[in-house]
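As written, the chains take the letters A, B, C, D, E and F, and residue 1 is the first residue of each chain.
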Amino acid sequence: MILHTVNKSPYANQCLVDCLTTAATGDTIILIEDGVYGATAGPLFDKSLPQLSELDIKLYVLRPDFEARGLHLGQSVLHFSLVDDHRFVELVLEADKVLSWY
Amino acid sequence: MILHTVNKSPYANQCLVDCLTTAATGDTIILIEDGVYGATAGPLFDKSLPQLSELDIKLYVLRPDFEARGLHLGQSVLHFSLVDDHRFVELVLEADKVLSWY
Amino acid sequence: MKFTIVILGAPYSGETADTACRFAEAVIAQGHNIYRLFFYHDGVHNASSLVTLPQDEIQLPQRWQQLIDQYHLEAVVCIASALRRGVANDIEARRFGKPCGNLLEGFELAGIGELLDAAAHSDRLITFGPSS
Amino acid sequence: MKFTIVILGAPYSGETADTACRFAEAVIAQGHNIYRLFFYHDGVHNASSLVTLPQDEIQLPQRWQQLIDQYHLEAVVCIASALRRGVANDIEARRFGKPCGNLLEGFELAGIGELLDAAAHSDRLITFGPSS
Amino acid sequence: MNDNVTDNTSATDGSKRILLVCRHAPYGTSLARESIETALAAGALGVDITLLFINDGVWQLYNHQQVSVIAAKNHGAMLSALPLYGVERLLVDEKSLSERGIKASNLTDIAEVIDKDQVKHLLANCKVILSF
Amino acid sequence: MNDNVTDNTSATDGSKRILLVCRHAPYGTSLARESIETALAAGALGVDITLLFINDGVWQLYNHQQVSVIAAKNHGAMLSALPLYGVERLLVDEKSLSERGIKASNLTDIAEVIDKDQVKHLLANCKVILSF
């Protein structure tokens, strides 16, 4: 099981879509840095998410990066969990390996 | 009249699409650095180009950057002209100002 | 568990180094070990003694340094990446005829082999890519 | 015609500085003038004397330096950007208690006002953004 | 909405002015910060400047930014200093907002939302563009 | 096609191996170069490594790269040294090629094209991932 990190805005960069295309059932994704914009409800982004509902992929957002940007949950059709740096470390341990998309 | 420069691959970054959305009739676009991948015929890119045929926008590609990557013209449905660094300078002079997309 | 953290981004220019440093601190706070910090690509600027931020801002190189010092971490800066980006210890600076080096104490220059060794010997390896 | 060239990318890490330097050379070869080179954001690394590339590769800082010297160009490095990224002249290095500076001769540290002045007084201004 | 910019004609008449195009999100890179520092310098020096927030640059204006854990300065607070420096023409591209599902009420009220045609008018009529 | 990698089972069986994921185009940034330098170091040190070229990383394998005017080293030539260093598992993602309109005949023959399922198998079975 892979933990994927994504650190770029999906409105500017393709790497979240690239990640979603490659992620497998049971994988985990954490959005960090500008990647946290992926947890907003922009129509542009939601279009590219059909895969997610099919695969059993858990979605996390790094809280300090999310709050710095003034964002709040409840804007997306998808379920994201906010996590702090400590939980981020645990997520790395729960996965077999990490793949970083940047 | 604006000369737009674009230096990122359209397969990785949104800035060519952003540029095309904003460019006006009569403007000029030059693809430089990884931006030169915009002159390839990937179906992904051609989808986002309907605007170009409507507007009278001239398209240029910086030859040294294009050749370094092993690329050749004739792959795209659009007309791109290859230019060297000297012609790039002239294009800047022929425009009123430059807007860089990166 | 033993972590290796690979840092590819410079401080200030992007967020990478801040994220990675917070992550390293969290790893330690949870009682895990850091096998190695590996600074590669633009990450080598984290080891520059010449980085000077405004006084009221977090000085990332010194924050790394404190972590390295307090927990005896191994902080390896890729030598090839470093020299090409203007980060050098005194020995390398002298070799290339520069007046003095700028590698912060606590960091060491070494080859990419240290990254491969870390990949083989850590329980987890995480890369923090450039954010710019 | 008077050009101002704004360079936002470091040498080696990306292509920006190479593209900008070739552009500057072409401007001069065509008989035009360069009002100012302005190094901002990661572009400040172009002015680092500590950048050392393998011998068979193009040393961009020295290539800039040669252009600056030969054509008496004004090459301004944004002082705030530079200090935050570890580029300093001897005066600034001393001010912050560092052993020595690393600003290459020919380049000068100055404020953002020089960019605004250049925007007002050049016929054309072109920005070369970071490629990474 | 700021009184000084409610007249669309004056707000988007950029002739003779420097237009600062802000396309990048805050925090991820320092580009957003450096663009605002450029605007603050323009204000301090009395240089007439207009800011256009477009694409991910619109996130810079997002309300309720809370920097606590991360190393960066609060970008929203930096922006709110602009009017104090006399920089009052802050324009936001409507299309970029709608693409991101951002409502005008999510933004600081120092900026005025303009439509696609106004953006084109602004770009066509400014003297020089600094793109960040 | 290289004899050593025509057996798909062995080519994509990444257990115990380091997987180097190459996602970036050459030249624009130095990431592609640094990933290949990592692979060359692995070869020189006898460390088992597999390379996966995916997304814009597939451009690294594009034939007929001609560096003359630009400052960078020929990336295609660097890549062709990999087999000489014993690095022979170079795999390319088929989907990334088709998205870019690239035919297998446009690529250097040191790499083997694999499909989506083989990519997933490779990712699932390697020990550790270095992502560039």
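Here, a residue touches a chain if its C-beta (ideal position, glycine included) is under 8 Å from a C-beta of that chain, and two chains touch if they have at least 3 such contacts.
Model, not experiment: these values are computed from the prediction.
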Interchain contact steps from chain A to chain D (minimum; 1 if touching): 2
Target chain E, source chain A, minimum contact steps: 1
Type of chain A:chain B copy interface by residue overlap (half), same or different: same
Turning angle required so that chain C lies on chain D, C-alpha fit (0 to 180°, nearest 5): 180
Comparison of B-D and C-F (more C-beta pairs in contact): B-D
Separation of chain D from chain E, taking each centre as the mean of its C-alpha atoms, in whole Å: 27
Distance between the centres, which are taken as Cα means, of chain F and chain D, whole angstrom: 35
Distance from the mean Cα position of chain C to that of chain A, given in whole angstrom: 26
Sequence positions of chain A contacting 2 or more other chains: 7-8, 11-12, 14-15, 33-34, 64-65, 85, 97-98, 100-102
For chain C, residues that touch 2 or more chains besides their own: 8, 12-15, 22, 41, 125, 127, 129-132
Interface hub residues of chain E, defined as touching at least two other chains: 27-31, 55, 69-70, 72, 128-129, 131
Contact graph of the chains (line, ring, star, complete, other): other
Pairs of chains found to touch, sorted by chain label: A-B, A-C, A-E, A-F, B-D, B-E, B-F, C-D, C-E, C-F, D-E, D-F
Touching residues on chain F, where the partner in the complex is chain D: 27-31, 69-73
Touch list for chain C against partner chain F, complex: 6, 8, 40-41, 80-81, 111-113, 115-116, 119-120, 122, 125, 127, 129-130
Residue ranges of chain A in contact with chain B within the complex: 11-15
Interface residues, chain D side, partner chain C - complex: 10, 12-13, 41-42, 45, 48-53, 83-88, 92-93, 96, 98-102, 130, 132
Residues of chain B defined as touching chain E within the complex: 2, 14-15, 18, 21-22, 24, 97-102
